[in-house]
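Notes to accompany the following structure.
Per-chain residue numbering starts at 1, and chain names A, B, C, D, E and F are given in the order in which the chains are listed.
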Amino acid sequence: MAILETDNRPQAGANFTALIGEESQWTDRRIFLDEEIYQLELDQIFRRCWLFVAHESQIPEPGDFVSSYMGEDSVLIVRQADQSIVVLINTCPHRGNRVCHAESGKVRSFICNYHGWSFGRDGKFLGAHQQDAYDASRDFCQDRGQLNMPSAARVDSYKGLVFAIFDPDAPSLQDYLGDFCWYLDALLDNDEGGTEFFPGCYKYLVETNWKTPVENTSGDALHAGWTHASGPEALFGRAVAPDKGEHSYHVNQNGHCWQFNLDYPLGNAAALGEKRVLNYLRERNDQVVERLGEVRAKIMNAISCILIFPNLGILPGSMNFRVYHPRGPNKIEVHSWGLVNQNAPPDVKEAYRKGGMITFGPAGIFELDDGENWEFVNRASRGQQARRAPLYLGVGLGSEIEDANIPGHVSQGQMNEANQRSFFRHWADMMAAEDWTQVPGK
Amino acid sequence: MNQPMQPDLPDRPTSDRPILDGPIPDRPMQDQAGASEPVRRAIESFLYREARVLDEGDYGAWLAMLAPDIHYWMPFIENRRNEDPAGNYGPGRLAYYDDDLAYLKIRVKRMQASTAWSEDPATRQVHVVTNIEVEPTEDRSAEDRREFVVRSILLSYRNRGERDEGTQFARRTDLIRFEAGKWLLARRRILLTQNVLLSRNINTFF
Amino acid sequence: MNQPMQPDLPDRPTSDRPILDGPIPDRPMQDQAGASEPVRRAIESFLYREARVLDEGDYGAWLAMLAPDIHYWMPFIENRRNEDPAGNYGPGRLAYYDDDLAYLKIRVKRMQASTAWSEDPATRQVHVVTNIEVEPTEDRSAEDRREFVVRSILLSYRNRGERDEGTQFARRTDLIRFEAGKWLLARRRILLTQNVLLSRNINTFF
Amino acid sequence: MAILETDNRPQAGANFTALIGEESQWTDRRIFLDEEIYQLELDQIFRRCWLFVAHESQIPEPGDFVSSYMGEDSVLIVRQADQSIVVLINTCPHRGNRVCHAESGKVRSFICNYHGWSFGRDGKFLGAHQQDAYDASRDFCQDRGQLNMPSAARVDSYKGLVFAIFDPDAPSLQDYLGDFCWYLDALLDNDEGGTEFFPGCYKYLVETNWKTPVENTSGDALHAGWTHASGPEALFGRAVAPDKGEHSYHVNQNGHCWQFNLDYPLGNAAALGEKRVLNYLRERNDQVVERLGEVRAKIMNAISCILIFPNLGILPGSMNFRVYHPRGPNKIEVHSWGLVNQNAPPDVKEAYRKGGMITFGPAGIFELDDGENWEFVNRASRGQQARRAPLYLGVGLGSEIEDANIPGHVSQGQMNEANQRSFFRHWADMMAAEDWTQVPGK
Amino acid sequence: MNQPMQPDLPDRPTSDRPILDGPIPDRPMQDQAGASEPVRRAIESFLYREARVLDEGDYGAWLAMLAPDIHYWMPFIENRRNEDPAGNYGPGRLAYYDDDLAYLKIRVKRMQASTAWSEDPATRQVHVVTNIEVEPTEDRSAEDRREFVVRSILLSYRNRGERDEGTQFARRTDLIRFEAGKWLLARRRILLTQNVLLSRNINTFF
Amino acid sequence: MAILETDNRPQAGANFTALIGEESQWTDRRIFLDEEIYQLELDQIFRRCWLFVAHESQIPEPGDFVSSYMGEDSVLIVRQADQSIVVLINTCPHRGNRVCHAESGKVRSFICNYHGWSFGRDGKFLGAHQQDAYDASRDFCQDRGQLNMPSAARVDSYKGLVFAIFDPDAPSLQDYLGDFCWYLDALLDNDEGGTEFFPGCYKYLVETNWKTPVENTSGDALHAGWTHASGPEALFGRAVAPDKGEHSYHVNQNGHCWQFNLDYPLGNAAALGEKRVLNYLRERNDQVVERLGEVRAKIMNAISCILIFPNLGILPGSMNFRVYHPRGPNKIEVHSWGLVNQNAPPDVKEAYRKGGMITFGPAGIFELDDGENWEFVNRASRGQQARRAPLYLGVGLGSEIEDANIPGHVSQGQMNEANQRSFFRHWADMMAAEDWTQVPGK
């Protein structure tokens, strides 16, 4: 039986490229449907990559925690007395019970409901109900050290965004993000006060494979004008003018993707339909240029969308952050938040909060149109015949350029599938790699 | 949404709008108190009619049932320990709806847009309204104006396409106003009983 | 059914029976209009009693609540584009029920047959009736006869055996008649919100 | 991993006969339960057989379409400008989205909700929202030809019944139906005006394996008098007299089955309880004899049931047509329709419509009694011990006869399981055959 | 429960307490009969208020709505053949609830205990009450005391934690008493429509 | 394909010990999650062990029956004319339909709804609707003997408790229970009138692996004071004093487990909060001592819990009997009953019935607190990283003692996990053993 064998990773060199094509131009539908592939993704990707788990502002004080997921593992992100952050797997080393059922709060310690084991904020075993019986048990002195809550191997932050990882041999977060640190600063560091999340987190279920919304958020400008035709119609009474492509780009590196343009001074923020936001952005423009330079000042407000590999999506206009947690080959649980500058005036913050709600909240006029597509992309591919038809991913082949002002691999034109191809390329590399030394740097 | 836009919306004073939590008295209703019979019937009819126009997708008729100063609020409900002082929901946090009339009109416009592909074929909806409790408020600010706190349960069922379905149960607390011979919904607070929304979205009003 | 039979049924004039779509006025109900209080209560009681006798499997009592000219119609609901002139349902198409009294009596007879194995042990049913709206019709054809258009929501729950269950939500539009001191159901149109029926069959009335 | 290998068909000669016995007399319950068997059925049977998809009357004019399924594949049956019919798989070659969400209607073209690709009525790629971006992409000229909606390999009709098939190497529809064309004429061609379907299609879910209702509809007269005891009781106040068997038959060929008798002039139609129908049949009898001969005139009105392999069932009395679409080893989606002669008078048509409803609609007095049996046949076999007990299928062993007037393989007696055995025999042949040349002609 | 205890409970005369099956007249309600309008409204309000205090977890308020002699009975429902003389439920068999006031108070104490870990975070509950039918009893034992048989449907929805949910439908028959100016629940029989309980437990009242 | 091979049992010597550790001190979480393991459990354990199916009092007269499950197999326990008991698998040998849909009742014979086959109370085929057709079928004479309902290989009772087994080569029930007969007498034979079940059976679903509540009921005194803190608080207004451990024990043999103490004269029965029960027990004490001796008189009323391998749990205080029927790796269906002495006075019986209801019924104040723990033990272990963290089962290591008065393997101290370890040890032995000769006697 497979379970009795020690290792169920695929052989080195398994040909995942065959499933996406040499140029990632034709995708095999089975990568969105197959249970075996999915289980492997949990191992090869979700257990080996840096995963976004929280924003530091959610847990300002010692003992503050929020819950999240790393793949299918429920985790607790806990602020320590020394302001460091620990990420615990929300499971008891005794019988395995979930230790904490709240999604947010403040604790001195965690106590398991089953037999009353208690753990420090750092997950260390503190003691149990009826501790005498444990102390009297043979080997308990030596076993005791193994009774802590399991935790992430490493935790690190980039300007407020907290990431955690299970693989101790992975590169550092800084290396993992690479040039995308430079890009992320446009969102996270355009103001000296830094950023914060609004209180709360939307959570909802979509019956699709996690890679579907991920490749969408990596750069699918093609769908914006069609899928989301009704949003602008409601907001502005008419459709938006199509992008010409001269000053718009797909940029990617190590699986991360950013799609943006440089010629719409207020970009996506306009979709919020909030004058206060637009005024705020206009007023701050000079400061931002000074702080980040011309290019990133434009990127900050650009029409754009972002993917941090493997499953953090960002919609900069509405400052919506979202993680697509995998829940089997055909299901995800979306968690989404709103980001705002800490120093923004109260009425601007309020306008961002509401703007995020009405655009990309679960009842938002844009979000409403995505879900059905994502679900039927999956369902309509399940048929025995349909699953044999490959999917086209070739828009913008040959649009690669070099631009000294723009780090990463750059393709020209918003209407492009370059980012999506790069995402699947990196996906195939991660799936095949036996360890991080085999992951090609890109 | 990845497209350039040139919006032209009025500058709405969002942050100082009264929150439903405030004006609605949350004290327990007296046993035999409550509103007069004709008022109860009128309010029941009002809520049943509202449910029906929503089921029929007649959003124009729905908007006409709303007061100009409506606050329509459906907060996200968190899982927190019972003793957590933050409570499971509150103003200023992420919400499904936290709308004034201008926002609701935008949403209705989108529902009515011929380009709302995901509503064609239309979703089949049923708004089941039950447990209606009516309590007069003490507010007598105007002669010809009366307001009532109305509590009810809303069971929302949606079915789409071949076999997609979603069921949500919520507790509603409304402020319903009678003015100038018309009944209007002036405030609504909707407390959903789900934490993770067990649907792909909320393409309905509660 | 693969057995020879020698039927002896009367020749029923099926095709010229009035369809519910016709006589029932589908115009929106006025806000404050509606029926008088005693009428509303009587009709509510009528519908609750109907629900209860169905839950109790007392089909004889149910038949006694039906008018001799009843038309009981539950069309199949199709997924069609919003602008499709054919509409999602209509007369002359396949239907779950499109019955006159003779048909309903046959169905009841089968429910009551001791050989209806699939009803033994019996299905546990609940007919939840809500959102009742009553509107008088303008018909004054007879002195002692009044008819009302009654809209309601029917939530049907069925549970069988160890753990089979089915839940269906429907909108009903009834014509309920008061004549000779009795209330009777004269027309019923049931619009189910499911396309593919999410159950193995419909062994219940709506 | 299996998914990386090219072919998951079983080895030639895999011993499916072991699962049904040499004479199909004892069936192994696992063929109704096993996921692996089920996946193979989708490949070996549903991707290789002619499948019923529509009646021509449902789509009279160019642009008319109805949706259906071929196995688990959602398909669109579309009337072309030249009156020919095309069957498209309802999936977009771009990301895979379902293209059409309506089950019926009239279209000029199909447009995908996700990125606005449009397709002709024949599924040909016509263009996309933001077509410029595509045109500018490398290889697009050559890729363009592969961007059509996938479709059935062949479509053909037999007297109004439209069938489609994915396997290009299969025999023609005419050959596939064989002698059953001769039989089907009794239903489809007893009047010069031909037939039509009533508008609408019942759709409902039953938790059983698709082969269970299929073998039932292939000839299970044994259950009629018992399972359906309550129907005649309600209609006639008493049970129906049992058939003596002298003039009743099981006939089968290539997996198709017909069970009928020749001595009840109005047969099943009586179950509709509609005098108008009986009068209509009586009145037309001479004409039908002239048109089809004595035998088929009797068959037309006989007590009978029919299976066209693999999953089209017909209940001639109430003119109910039904397909049992597979949905996993333990679930089916039933689609059912009513057939009527186009030239029948309006009141006869109406009587057929209502008669079909009250007998075999989802609330019909006969249909009500089948579902629970079919579901518990499956559930009661799942137990670890129960699944080891074989199922008996031996009624009528040794009843084979030859009759020059009756084509196909004939067994005498309505109370028989000859058709069921022939169905499982053909099932095993199809499961084992590597291609159509290996399917024994029967 | 595996711990030593030294209980000190009064000796409650459990076995001779009247069973709901007895006193409540189960004969079919007359069509137009039933209680007066104010009584109906008061009883509706009573049941809606009861539902709400349960939804709010205000069990103290709930206990105050119960008569001192309450019998609260929710039998387990068996799958038996229709002709089985034993019936699907009955007194003296295993039951979910078969409680007098002392038992109910123990249950409430446990719900309110700070150590009821499995209620922290709290379960989100909705008690949907519909199909209320009120019938006066003939009992006139005391001047200032009236009792009514009240039938209703209870749809119980529970949601816990991230995504656990349970839905149960039941038919209730209550005896509701008006005495000394107060309405009280004196008897309740709850017939669940599930055989195998499709939930891990019943952490709610019906 | 696996299904075509004859035997899917694991190889002899498969290393199940690796999954629980040499001393069963660290458990691999995958034994609670893995589908393959689960399927094997059905074969190796539920098809080979004696399973509790009923109490004789439930079916006093010939023709009385109750339904139950053996693993996932639905079974009928039927009293015969000669008072013997037969256990039938509730499936028809014809098409497999469930034969009996009632859970309790009295029958002359069983008749299948599908084709009207009838079976005697002993499951023997009696005849069918349309029997003529069968009689005319070739081979029917010889096939007829194989058309009985399948049944358990053996049925036996121990003092009212009825057990059945599928494996004909297993040891006798007496040998299977071993020393536990001696223990069970404390519950079943403390009064000459013997015992009975109250009418009715609670049935409810819990989303957990069957081994989780099983190991809990085998001796988890550790959870009682913590998980169930709220029950005593409600009953007595305060927590219960912790056990000192001097006079409390874990006892186990052949996978069966009993945890009890000898120093609390009324033990768990106190939890019922019923004076009448306590008085009854006090009054009968001398008789019981005379009947069973000092030790078992104490055990009878002790704080305790019991497991009869594999899935019968007993909570003696409230006299609650319960079976945890497996329903996949992550689900169980609990059936539970109340036991009482037949000769107990009516008011004592009533107090037991209500006491059982308010403590361990599905709405009981103790039962309410178990379910969530059992479900989250399973769920919180599913994550790809969590499932790699072993579970600690080491409390009371080294507490083994010998005591001539107490049969079986004895460990001292209620706060112990000795029984749990013995359960998993026996589980591993059963999983690995090819047949009963390979099961080590313990």
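To be clear about the criterion, a residue touches a chain if its C-beta (ideal position, glycine included) is under 8 Å from a C-beta of that chain, and two chains touch if they have at least 3 such contacts.
Not measured: the values here are computed from a predicted model.
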Shortest contact path, chain A to chain B, counted in steps: 1
Chains touching both chain B and chain F: A, C, D, E
Of E-F and C-F, whichever chain pair has more C-beta contact pairs: E-F
Centre-of-Cα separation between chain D and chain B, whole angstrom: 48
Inter-centroid spacing, chain C versus chain A (mean Cα positions, whole Å): 51
Chain B, residues touching no fewer than two other chains: 37, 79-81, 117-118, 120-121, 128, 130, 155, 161-163, 167, 195-196, 198
Overlap residues in chain D, where contacts from two or more other chains coincide: 101-103, 113, 203, 205, 220, 225, 227, 242, 369, 372-373
Pairwise touch network: line, ring, star, complete, or other: other
Pairs of chains in contact (touch as defined earlier), listed by label: A-B, A-D, A-E, A-F, B-C, B-D, B-E, C-D, C-E, C-F, D-F, E-F
Chain C residues touching chain F - in the complex, by the definition given at the top: 117-118, 120-121, 161-163
Complex contact set, residues of chain B against chain A: 1-11, 13-15, 74, 76, 78-81, 84, 86, 90, 92-99, 103, 106-107, 109-110, 113, 115-118, 160, 164, 195-203
Chain A-touching residues of chain F, taken from the complex the two chains share: 10, 14-16, 18-19, 25, 29-30, 32, 34, 36-37, 40, 212, 220, 222-223, 225-227, 242, 245, 372-373, 376-386, 389-392, 394-399, 413, 415-416
Contacting residues of chain D [partner chain C, same complex]: 101-106, 198-207, 220-221, 224-225, 227-236, 240-243, 259, 261, 264, 267-268, 270-271, 273-276, 278, 303-305, 315, 317-318, 333, 337-338, 346-347, 350-351, 353-354, 356-359, 361-363, 365-369, 371-373, 375, 414
Contacting residues of chain C [partner chain E, same complex]: 37, 41-42, 45-46, 48-49, 51-53, 55, 58, 61, 119-122, 124-130, 155, 157, 159, 161-163, 165, 167, 182-183
